[in-house]
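Look at the two complexes coming up: subunit A is in both, with subunit B in one and subunit C in the other.
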Partner chain A sequence: MLFFRNYRNKQRQQSSFKMQNNDLTEKVISPLLLENLAEIQKIFSETTDLIVKNFVIKQTKCPAALVYLSGLTDTKTVNNHVLRPLLFEANKEEQDFEVQVSLGLVKENSTWQEIENAILQGNSVLFIDQRHIAFIFDTQGWPQRGIEDTNIESSLRGEHLGFTETGSNNIAMIRRHIPNRELKMKEMTVGARGNLKLTILYLADVANPDVLKELVDRINKLEVDGILNAASLTEYIEDNPYSPFPQLFLTERPDFAAGEILQGRIVTVVDRSPNVLIGPATFEIFFKSMDDYGARWIVASFIRLMRYFGFFIAIFLPATYIAVIAFHFEIVPLKLLLSIGASRERVPFPPFIEAIIMEITLEMLREAGIRLPAKIGQTVGIVGGIVIGQAAVQAGIVSNIMVIVVALTAIASFIIPNYDMGAAIRLLRFPMMIAAAIFGFVGLAVGLMTLIAHVIALESLGTPYGSPFAPLRFPDWKDLFIRFPEWSIVKRPESTRAIQRKRANSNRPKGDEH
Partner chain B sequence: MKYTQNPITFMQYIFLIHGVQVGVGLLTLPRELAEKAGTDGWIALIIGWLFSTLASLIIIQVMKNYPNGTIIDLITHYFGKWCGKIAAVIFILYYAFIGSTIFVREGLFIQFWILPQTNMVILLLLLSIPSYLIVRNNITIVGRYAELVFFMTIWMFFFYFNPLKEAHWLHLLPIIKEGWFPILKAVKTTIFSFLGFEIAFFLYPFLQQKHKASIGIVIANTLTLIVFLIVTIVAFTFYSPDEITQYKEPTINLLKIVEFKFLERLEIVYLSFYIFVISTTVLPIFFVTVFSVSQLFGKQDHSKYVGWLLLLNLVYVFFLPQSFDRNTHFQKMGEPISFLLGYAFPLCLWVYLLLYSHLKRRAIK
Partner chain C sequence: MKRWLYATLFIFLIVILSSCGKKAPLEDLTLALILGIDLDDKNNLVFYEINPVFSKEAKKGTESYEVKAKTIRDSRRLFDALTTGEVTAGKIQVLLVGKRVLQHEDWFPILDTVYRNPTFSMSTRVVTVDGPVSKVVVHNPEEKPQLSLHLKALIDKNYDRTRAVKGTLQELHREIYEKGMTPFISEVKKEKNIELAGISLLDNKGKYAQFLNVPESTLLLMLQNKKRHEITLTIPVLPNKDEKNIFHKNVISFAVNKVKTRIKPGYKQNKFQFNISITLTINIVERLFPEEKLNNDQLTAAIEKVLKKQIEDLIKKIQKKKIDPIGLGLYARAYQYTHYKKVENKWGEALAESDVNVSVKIDINSNGAVIQK
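Up next is the complex of A and B:
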């Protein structure tokens, strides 16, 4: 019954949200200026930021009207390049063409829907009396911030430009890295009200067409009123919505996005969002950062290894501690056991409760620090640090060893370069702790097995997420735990399913050649 | 046609077969060999390997007659629909029985060594979670799992070189000290240790490079032989010939002497990880069981039977308390069936198919 009601509700909602657009789709503008302006007033009733400027074009002496939304257009462009030429300049040689503006992009259209969209997106529209078409001028200019250094994915050697909220700028930043004619784009719109513009960027002769089709199909299937950022778009199009792991890579770095396009992946630029989506993503891509390619390969490999080590520490260290203290204390050598015992002497709780107290405290501290302004955030850090580090131990609520374990865990989870993956790892720690508290090491092993089972079966845009671990693809291991020197990686990873595998020629002299 | 959608690679094929072969049996293998053939037991392993390799090759030869189907499809093709159904039922019962026995045995080992106070049903329920997650997927995922686990657990093997420091190689000498008879008696044990290769009946249609099927199965058997041989020889040289029979699981006891500055009683950590090794035995067997069920009913999707199979196991363990004795009894009961299905059945089928094609060719002439 409930299902039925929901279904009917859904139907009603859908039909109501189609209606609004339908009444305009076929309607064409009239040749009479006054009628058109009346229609404009009807469409944009109660729209105080709408500006209608009536004037006479000097060239042809025709009455005309320029319509635009005040906040969304660049006033200087409208004044200098549209109004000034139309009002004051007359060119005697070109009598037949009456619209003389100094703008690059001028479109002509006659359907009301297009005109409405154009106005809503910050274009200005010129209606001329006795004409069946309206002219749409590209005068967009909305409030936007300048290009700044990246926020959460900062790097030492990578470029210091981050994506901004303007899609066209973001595309330009990627194109700066790949000025190649094979860099193709597909433009799509999502959201009945939001009208969000998505641009899919890919290398036509490298990216796999099946993957591209899969992505395009999924976006096409979307029916929603509006999507506000790239992260919520991923929730609509990812493969397994119940997985803790991110299945599409969100980045704010143009160099990273361009690098992945070169590997054969597909980038979706989401207008109004400072992040772009990269897909198909694999598990290992979340452990890469731009700095890996800016440092010497030995150093980069060391850091990579530490990240994977950190991954296991962050998930399993508190759980292992619980398992050892609660079940298998016999595996700890006697001396170490004595020092653990001494530190736990005054603690009244079982290790699981102790660990949960500390982990929850830490997570709350971290969350408190993010939302607060920087100055207060520091205070929270200091207060939290002192409370956890000193007072809790002295009060006998937690043991010293537990503080060390929790601190290590926190540090380990912070060295994961990707925020989404770091968050997933922080969350996974809790089920592992519960499993360890009930079943000891067996719980840990089964927990790890469940994790592996999940990752192995996971897919991103129809390509295996666990690659190159499972399916095992040893050629791709050149850029996994150890980052081999760049010149030795001559092939694109198999996990992107690129149709052109070769990316470089290794021209370094080998052996006695030099 | 339908099998090519979820192909397995050559490596996955090898490690699936190898994974099924190496499991719970390895834990008790050195003792069982020592009981029958003394320290000459390792020779029986090599003979057992010969037999299993031969049988494996025959299986591949049989499957070549109908490369795009499992053994059930093959039987349906040559003997008709009802024979196919009967074969499916036999395979389902056989694999369900074997799978359940090993699954329970896995639980028994964990209970005995690590968690003596935990209820068996709860333990198996815990183990069912990852099993369900993997088996409900197609064979590609199971193959990926077997492959990954092989490389993930390879380090465990190297601990067995540690006891060699105190090995007494004299225990092995003289070779064949009591004649061939005890060795042949031990072969009876070893040919069952190598069982698991018969899963190739079901893997063959999924394999991408079919021409490598024979070499792959030989590699899998040989890998298994290497693992068995090294563990057995280490156990034989480390323990004295009489001492070894006193331990129930000498394979685990061996690790008691391995110690680190930061870790003692390695065998607890080891056995926890050994769950992975056992899972590569149990999961493909579970998969084959439910896959055959879906074939029996002519369904494409096997995933909905996985939950039922696991539930059935739990119910069975809940109502019938398990012990090592009962489990071993079941294992012994299963051995004749295993022998029939793993060794005798492929041979008969092969001979039949040879005659069949021979007669058919003559008839055409």
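Up next is the complex of A and C:
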């Protein structure tokens, strides 16, 4: 590891991080239209989707040129609100005002870098002869899909709007939940080529400024050519990249994101990605779902408890099976032992191999099912059901009990509401199985201790990941295993390090007061 | 470099991690479910073992072996020579000990390996076999579950009904080394079927001393305050007038709701004195004589009288053999320590000489769902 670090430093010294061929930072536009157009042609050489429309403005009779990238601009807006007024309308009373367009956002700029960026972002730029500035019109309009129901994190009672690939839409969806002036935003750009726009949303009087600064600093440090989605951004900025656990929460649900902002967390909207990042994350928020707040609290608590139970089942059940069969058969009640013995009798493999075969099969089936079209996906289910369920047992490759163990493990890992956490858990059971196969329960105990130690040591944006288990913060347990009624939760969790702890007054319903 | 150091240290620690040494998957083991110890006619030790057979080709679900060996551990060598897998002791459900073994005073040390070796299960039930152990071991009727499950269930069910004791290896160990009481274990015999006979009382060295049948066993367990889920007693309360008495018209059955035995030890005239008072709350569940014959008070008195007599007989039986399965010595030690300490090593004899007074008090809670006139 050390070696690589040195190597990387050496590389950096040799060539500084630079993507563009000619530096535009200092360059300003010229008053001559023709020179500007020549510069445009130079910057955007071999760019067939660049459109340069030369015309004369009717009002002032000045030659002008509108430059934009087709496909990234909304043609209707360009035609109706930019070209039509400039070409055909003349207002005699206002001689001075030369650029009359019916658009909300018009910027003026004279540096080539800004202009280049504006064009690449889908704005149209108007150059006018004898002018030192160019006008940038907000005419963005790229291919996008409509707002649909959420895919991965579907819910019964939560809202049925999911984030889309357009950052501004996503911000709007969050803002709909929090129409408050304290909802502040910080805009940042990442990636020398990708120019990814990130918007950090937070409640200025609630979110902790240290945490915010940490997040901003980390993003500022990034030097990459491009980042394609929110998930890969997390890999760059999370605290411990070697951990199996996700340390920032990715969600496609606006209501969940808004809820976390209200708790004092910080949401990063990543343009072009249908997910937003929520940080600082704790271990427990990966076990929450929007439906917990849509169901009655007793029901929600029961489901919560099942998820935590499922967490342990998914990690430890196959490992326990291996340890019991290979080392500690004494702990099994006799009748169960006899039926396990009878079902394992024909299996030619040791329990570890048997378990690995089945777990790998299961993982392959799951992976195969994800990317297949729905119509073929059914086939995978049927094939899997037959292979795992019946044929493997009849052929004597695995035992019945093993099939039950695998099925239970699979179900348990799928009830974790967050995909990243579910994947982490599914992966963690393999090291546990190896430990159990070599050392029995001793290995399992060591595995569990390692896991606990790791979770305790983890941090998310400098905030303890294990909270409220470790450090132990009992007031936060109101929304942990048992979800207490909403009216009883008056404080924000300590794990968000919110500077304003109180979120509500006690709203306990008193019943009929008349 | 620190990272590599940690990694190396971690791997090193894992390698030296002391784990459960051997590893053998379940199906490669031969699980001994019953271990039997007996003496043959020439006083050679014989060991029996029953284990399940998982293979589907085998017709019977179990197999049993018999070997002549010097000790229990030694017998494993011989069993290993006979069975498919490694013989393992971890799941022995029942340890059958032949009565012939128990009749020798110094039999208990042969169980040494059972206690010394941690793979043995301490919850194994120790059971006396009245008659040769071989007859029980080969008994394998088709209509019953396999013998180990059946025997264990038989003992446990009767334990719940306060008719037998579990007599696990752990309890037996305590009872043998406890000076204030003597051991007792359940006893089975093979007639047409294997049946629970009662309780065998052993003396303080473990030698067979006395047999108690099932009703007596219940009384003994009552005296020890060891009532489990249910006690049912059926006793005659009327004199047997009818010569034939085919239908036993003089008996009454009752379920004991609550039973509380209080033992008060004293020391008078150079001997111990025990006042045992038993309070029972009962529900009458069966009454074969008409109600006019005895009213409630008379009935209470009659039951008290019969029970008192039965318990006194039981205690006499115990005293005669100079044993103490009730654990009266524990009370003596607690309340009369100085006197007890002198006779500690021959407690059985001291108990045999002591006075035991029994008083029984009955409270009839209900007469059942029949109108009482």
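The rule is short, and it goes like this: the second predicted complex is superposed on the first by the 487 of 514 C-alpha atoms of A that agree within 3 Å, B and C clash if a C-alpha of one lies under 4 Å from a C-alpha of the other, contacts with A are read in each partner's own complex, and residues count from 1 in each chain.
The rule is simple: a contact is a pair of C-beta atoms (placed from the backbone, for glycine too) under 8 Å apart; a residue touches a chain by one contact, two chains touch by 3 or more.
None of the values given here were measured: they were computed from a predicted structure.
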Quick one: classify A:His132 as touching subunit B (first), subunit C (second), both or neither. neither
With the two complexes superposed on chain A, say which partner A:His328 touches: subunit B (first), subunit C (second), both, or neither. both
State whether A:Lys213 touches subunit B only (first), subunit C only (second), both chains, or neither. neither
Can A:His454 be said to touch subunit B (first), subunit C (second), both, or neither? first
One more residue to check, A:Gly341. First (subunit B), second (subunit C), both or neither? second
Which of subunit B and subunit C A:Val446 touches, first, second, both or neither: both
Just to be sure I read the superposition right, which of the two partners does A:Arg508 touch: subunit B = first, subunit C = second, or both, or neither? neither
Show me the subunit A residues, by the header's touch rule, that subunit B contacts in one structure and subunit C contacts in the other. 327-328, 330, 439-443, 446
So, in the complex, the side of subunit A touching subunit C is made of residues 1-2, 325-330, 334-335, 337-338, 340-342, 344-347, 350-351, 438-443, 446
In the complex with subunit A, residue positions of subunit C that touch it: 1, 3, 14, 17-20, 23-27, 29, 31, 33, 52, 54-56, 90-91, 93, 119, 121, 148-149, 152
Along subunit A, where are the residues that touch subunit B in the complex? 327-328, 330-333, 336, 435, 439-446, 449-450, 452-454, 456-457, 464, 466, 469-472
Can you list the residues on subunit B that touch subunit A in the complex? 9, 11-12, 110, 114-115, 118, 123, 126-127, 129-130, 133-134, 137, 140-141, 144-145, 147-149, 151, 261-266, 268-269, 272-273, 275-276, 279
